[in-house]
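What follows is a set of structures for review.
Consider the two complexes below, in which subunit A is the common component and subunit B and subunit C are the respective partners.
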Partner chain A sequence: MRRVGGSSRTGARAAPLFGLPAAGVVALLLYLPFLWTTYVSFTQYDGLASPVWAGLANYQAMFSDPDLIGALLNTLLWVVGMVTLPVVLGLLVAVLTYGHRWGSWLRLPFLLPYAISGVAVGVIWGFVLQPDGALGQALGFLGLPGAHTGWLQSGPGNTLMMIVAVTWQAAGVNALLFVVGLQSIPNEPLEAARLDGADGFRLFRHQLWPQLRPITTVVVGLSIVGSLKTFDVVWVMTQGGPGTSSETLALSMYKETFVLNDYGQGAAIALFLSLVTFAASILYLRYQLGDAREQA
Partner chain B sequence: MSRLRTGLLVVLGLLWLAPIYLLVVNAAKPVDGYDADSVWKPDGFALFANFGDAWSKAALGDTLMATTLYSVVAPVLAVLIGAAAGYAIVVLRLRRGFLWFVFIFGGTIFPLQMVLMPLFSGYASSGLYDTRVGMVIVYTAISVPFSAFVMRNFFTGIARSVFEAAVVDGGGLFRIFRSIYLPMAGSALAAIFILQATFVWNDLLLGLTLSQSESVRPIMPALTGLQSTYGGASLPTVLAGGLLVSLPTVILFLAAQRFFSRGLALGQF
Partner chain C sequence: MRRISHWKALTAATMTGALVLTACGGAGGAKPAADKPVDSLKFYNDKGGWKDAFTQVGAASKKDIAVGMEPVGYSDSNTYTAFIRSSFRTKEKADLFSWHTGKELEDLVDQKLVAETTEQWTKAVADGNVPEQLKQYFTFDGKQYCVPLNAGYWVMYYNKSVFKKAGITENPKTWQDLIAVADKVKAAGVKPFYQTSILFSFVWFETLLAGKDPDLYDALAAGKAKWTDPGVVEVMNDWKKLIDAGYFSDPGAKTEPQAQLKNGDVAMVNFGTWFSGSLNTLKLKAGTDYDFFVIPNVNPALPKTSMIFETGPLCSAAASEHSSTVKKWTDWWVTPQAQTAWANSRGDLSFNPKAEVKDTGLAALNKDVSGDGYRLINRWFEATPVPVANKALEVFGAFVTKPGDPMPGLKKIQAEADAYWAKQK
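The block that comes next holds the complex of A and B.
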C-alpha cells in the first residue's frame, strides 16, 4: 500500500505535465489573441503603426455608422429568424417522426443538409435563388407570382432568403436534439393521458411541451450562438451585398479588419459579438458545466 | 392521423431533398449547351468530366491534398492533447483540476472572430502565415477544448482501481496513459476525431484569413474562389465542385450518425 500512496503523490506532481499541452495551446492561440483583440478594440489601429488609445470611439461608431447599424439589424434579423424557423420546423419533424415506424428514415432528408458545409449550402442556394433560376422556374411552372424576382438583390429580402437556406441546413439538427429530448420523457404519464382521451395536440401541449423545456433551452441557445456567427453562407451568396444590404456583424468584422484595415473597429465588433454570444451561451452552458461539476 | 403524419413527412422530406436533386442533376449536365432555363430536367451525364474540370480549374486537387492533411493530423493531435489533459485532471488528480478544466474548455466560448486578427498578425510576423504547419497548429488549438471536455467526462467513468493496479504493476505514468487509458477510450477518441475532422474540412474563416496559396489554402475558401467569379468555370463545374467537396463529410456522417448526435448533445456544433 505504501507504494501506491507514494506513486499517487508522484502522480500529482507529474500531473501538470499532462495538462500543460492543452492549457498551453489554448492560452497561446485562443486566450492571448482574445486579450489582444480586447485591447485593440479601444484603440485606433491599422495593423502597421502602433495602436493609439481611442476610448469607446469604435463602439460609438457601431451605433452611429449607417452601414454598421444595418449590419446590426441584419444580425438581429438572423437571430430572430434562426430561433423561430429552424426551431419550429425541427420540433415539428421530431414530433412527427418520434415513435413512427420509419422515423429514422423519414428524418434522413432533413439531416442530410447538416453534413454539408456552409460554403456548399451557399453554392446550392445561390444557384436555386438566381433570378429566373430553379425557384423562379418552379413558381412560373405552378403559375404563382414572383417568377422573375431577384431574391438576393435587395435587403432585407436577401437576408430572409438566406435564413431560409440556413433553415434548410439546420432544421434536421434541431429535430435530432428534440428527439433526444423526447426519448428522455417517461412513457407512463403519456399513456395515461392517451387513455383519458387526450388527442394529439392536447397531448403535445400539456404533456410533451413542458417536459421539452430543458432541451428547447439548449436548442434556442445554440441557435442564437450560431446565428450571431453567421458568415459562410452570406460570404458565398452575396458577400454582404449588394452594397452592404445583407452584411452581418461577423461579415463587417472581417471586412473592417482585412479589407479596410480598420483593426480597432473590427476588434470592437468582435468583442461585442463575443459578449452577446457569451450571454447566450450561459443559457445552455449552465446545463453542461452543471453536469461536469456534479461529476467532479 | 397516422396516415396524415406520414403524408406530411413525405411532402416535407421531398421539399428538403429538392435542392440536393437540383445540385446532382445540374452538376451532371455537360457544360456545352447547358440550358439555364430548364434546371429541373435532367440532361445528359457528364458528372465525372465536371468533377475533373473542378479538380483542375479550381486547382481543387492541390487543395484537397492539403485539406485532407489538416483534417487528419489536427484532430489526431487534438485528441491526444485533450486525452492527456483529461488523464491529468481525472486520473492523476491534478490540483485545482476543475479550474484547469474550466480554463481549457473556456477556449470554445468566444466566437472565432475574436481571435482572427491577432492570429493573422501573429502568423504574419512569425512566418507561419500561409504554411501547412500554421494551419495544422490553428486547427489543433481550436479542437483541443472540446476534446479535453469529452475525454475528461470519459475518464471520470473509469474505476480508480484500474489506475491503482497499474501503479502496483510498476508502470510509469506515461506508459499507463499510452497502453491502458488510451486504448480503453477508443470510442470516445473516434467520436472526437470524426466531429473535429468534419469541422476542419468545412472551415472557411480560418482558411480565408491565414492562407492564400493554392497548395496551403483549404478546400472551402478554394470553392468560394471558384464560385464568386465562376473563376473561369461554368455553372455545372461550380456545382460539381460543391458536390465533390461535400461527399466526404456526407459519407462520414451517414456512416457515423450516432457520433454526430452525441456531439450535438454536447453542444459543440
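The block that comes next holds the complex of A and C.
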C-alpha cells in the first residue's frame, strides 16, 4: 500500500523506535536465555566453574542413556494420552450438554478443577492413588478387587494413572473451548440437516465434527505442547519414580540440572525438548491448516 | 516496506548481539571487596522449617555480641542449591549459608568460593568446643572450610504406646532382639519400621551395611569397593528378606514419617536426631510419647557399634564484604553459650559437647557416643558422590517398591560409579 502524506511516512519510520523497548524485553528474557542455553548444551558446566566446550558429548550421552530413552517414551505416552483422553472427554461433555437447558450447570463440575494448580492436582491425586488411599479404600468398601493396588508403583501404569489425574483437570476447559466452537457454527445448515432426517451421531459425524475442525486444531495443538512439557504433576506425585519409571523429559532436564548440577546435560535436554515441541507444533499446524485450505 | 523490515531485523540482531556480549562479560568471579562491618547478617539455608529456632538464635547473638542473624530459609533443597551456586557468579555473595559436606563442599573449595576457617577450627578444637573427629569432614588439602552447623546421630525412634501395647518392656541390645521386637509389634497389628521410596530410601541400606561391614561401607563410599561385590549383594538380599517378611511400612505412602509414628501406623523410624525437633513440633513429648534407642549392629562380632553420623557446614563466601562480622558471628556460634541456645530452641543435639542439652535422652546419647564403644560412620548421603548417590536412590526407590534380584540395579549404580571415579583420576 502506498502511503500518502509526509506525516504518515515519518510515523512509519518512527514505528520501529517505539517497538524497541518491547523488542529489548523479548531479547533479554527470551532470546538471550535461549542462546545461552544453546551454548551451555555444548559444554560441560557445573554452575560454578566456567563452561568447557564439549561438542556433541551431551547429545550423545542423551541418546545412549537408557533412563533418558525411558523418559522420552514416557513423554510420548503423555502426548498420546493427552491428545486422546481429555480431548475426547471434553468433546463429549460439550456436545452432550450444548443446547441443553441446564447445559452450563452440567459443564460446571468439569470446569471447576481447572481453577486448581497442577501441583494441587498432584497432591490431591497422590492421596487418592497412594496404597490404601481414597481409591483403594473405596474399592475395598465396595468389595471390588484392586483395593491394595500400588497405582503409582510401577511403569507404565503410574504414567497412565497420572494422565487420568490430568484429564480430570483438563477435560473441562477443553469442553469449554468446544462449546465456543459449537456456538460459532451457523444454525441454518444444522436445521437443513435435521429436516433431511439427520440426527444424533449422524448429525455430529457429518455436520458438527467437520465444522468443529478449527477449534479441534487449537485444542489438540495445546494438548501436544502441554503434554511435551509435563512436569508438575509427575514431580509432586512420584518425582519420576519409583526408579525412573515415570520420568518425563522435563523431569530429566530438571534432575540433570538442579540435582546433579550437570547444567550442560540439562541444557541439551531442554534444547531437544524445545525443538521437538516446536517441530511438533509446526508440523501439526501445517498439516491441519493445509488440509483446511484444500477443503476450502 | 522492505527497507523497514530490514531495519527492524538489523535492530533486533544488534540488540541481541549486544546483550549476549554484555551477558558473557558479566559472568565470572568478583574480586574480594573491602571489609564493611554490619550489625546483622543474612543466613541463607535450606531448612525453612527451622526458621523459629534460627530466629531465636539470631536474637541471642544480637544480645551476646551485638550482631544479629536473619534467616532466609528455603524449603526445597534443589532450588536452594541452584540459588547458592548461581549466586557465586554474581556480585551478591552470601554472608552465611548452609551447605553439605562431602563432594558438594569440595566443589566450592576447588573453585575457591568459600572462606577458609583453619584458624577458627584450631581454636575451637583447642577450647573443646568442636570435637577433633569432626574436622575431617571440613578439611581439604590440610585446610578447614566452614564451621559445623549441626550434628546428628542416626537412631531408632519409637512410639512408646505401641511398644507398650505390644508388650515390649526393654530396648533391643542386639540385632536379634530388634527383630524379636519387630515381630511383637507386627503381631500387635502395627508395621514395625518406616520406609520410603523417595530420598530417604537409602536409610536401611546404610544401616544394614554399616552394621554388618563398616569397612566395606567406607570402601564403597571411597570408590575402593564395587557395588556388585558379594558383601553389597548380601546386604541387598538381607534387605529384601526384611521387606518380604512385612517389616516395613508402605514405601509409597505420602504421610510424613513423624505423623505415621504419632498415629501409631509404624512403631519405629530410623532417622537422625533432628527428628526429635520434627516430633516436638507435633506436640509429642520426648520420653513420654516417643523415645529412641541405638540401633544394634547386624554383625554382633564387630568390636564397636556403628553409629551413622551427619554434620552440615555453615559457610561463608570467600569474597564476602562482611568478613570481619562473619568471623565474629561464627566465633560466637561455636561457643557453649550459643550452642545451648541453639540446641534447646529446636530440641536437638549440638556438635559442642559443652552445650547444655535439655532433652535428657539426647544429652545422654551425646555423652555415650563420645566414648569408646562407637565407630562413627559418615552418613551415606554425604559419603557418596552426588551422581552415584542419585543413581543409587533411583535403584533403591524401585527396590523398596518391588524387591527382586538386586544385581541389575547394583550394576547400574556401579556403571555410574565407574564413570564418576574415572573422571576423578
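Just so it is clear, the second predicted complex is superposed on the first by the 258 of 296 C-alpha atoms of A that agree within 3 Å, B and C clash if a C-alpha of one lies under 4 Å from a C-alpha of the other, contacts with A are read in each partner's own complex, and residues count from 1 in each chain.
Operating definition for what follows: a contact is a pair of C-beta atoms (placed from the backbone, for glycine too) under 8 Å apart; a residue touches a chain by one contact, two chains touch by 3 or more.
Bear in mind that the values here come from a model prediction, so they are computed numbers and not experimental data.
Once chain A of one complex is fitted onto chain A of the other, the partner contacts of A:65 are absent, as it touches neither subunit B nor subunit C. Shared-chain residue A:242: touches subunit C; no touch with subunit B. In the superposition on chain A, A:25 makes contact with subunit B only, while subunit C stays out of contact range. For subunit A, the partner touching the most residues, choosing from subunit B and subunit C, is B.
Within the superposed three-chain model, A:120 lies in touch with subunit B and out of touch with subunit C [touch as defined at top]. Applying the stated contact rule after C-alpha superposition, one finds that A:269 touches subunit B and leaves subunit C untouched. In the overlay built on the shared chain, the residue A:154 is in contact with subunit C alone; subunit B does not reach it.
Counting contacts as defined above, subunit A residues 12, 15-16, 19, 23, 27-28, 31-32, 36, 47, 126-127, 130, 132-133, 239, 254, 257-258 meet subunit B in one complex and subunit C in the other.
If you check the complex, the residues on subunit A that touch subunit B are 3-4, 7-8, 10-12, 14-19, 21-23, 25-34, 36-37, 40, 47, 93, 96-97, 100, 102, 106, 108-120, 122-128, 130, 132-134, 137-138, 141, 168, 171-173, 176-177, 180, 200, 218, 221-222, 228-229, 231-232, 235-236, 239, 250, 253-254, 257-258, 263, 266-267, 269-271, 273-274, 277-278, 281, 284-285, 288-289, 292-293, 295-296. Against subunit A, the residues of subunit C that register as touching in their complex are 4, 7-8, 11-12, 15-16, 19-20, 23, 27-28, 78-79, 81-82, 85-86, 88, 107-108, 110-111, 113, 197-198, 250-254, 386-387, 390, 394-395, 397-398, 400-402. For subunit A in complex with subunit C, the residues that touch the partner chain are 12-13, 15-16, 19-20, 23-24, 27-28, 31-32, 35-36, 46-50, 67, 126-127, 130-133, 150, 152-154, 239, 241-245, 254-255, 257-262. Considering their complex, residues 1, 5-6, 8-10, 12-14, 16-17, 19-20, 22-23, 26, 36-40, 81-82, 84-85, 87-89, 91-95, 97-98, 100-105, 107, 109-122, 137-138, 140-142, 144-145, 148-149, 152-153, 156, 164, 167-168, 173, 177, 198, 201-202, 204-205, 208-209, 220, 223-224, 227-228, 235, 238-239, 241-243, 245-246, 249-250, 252-254, 257, 260-261, 264-267, 269 of subunit B touch subunit A.
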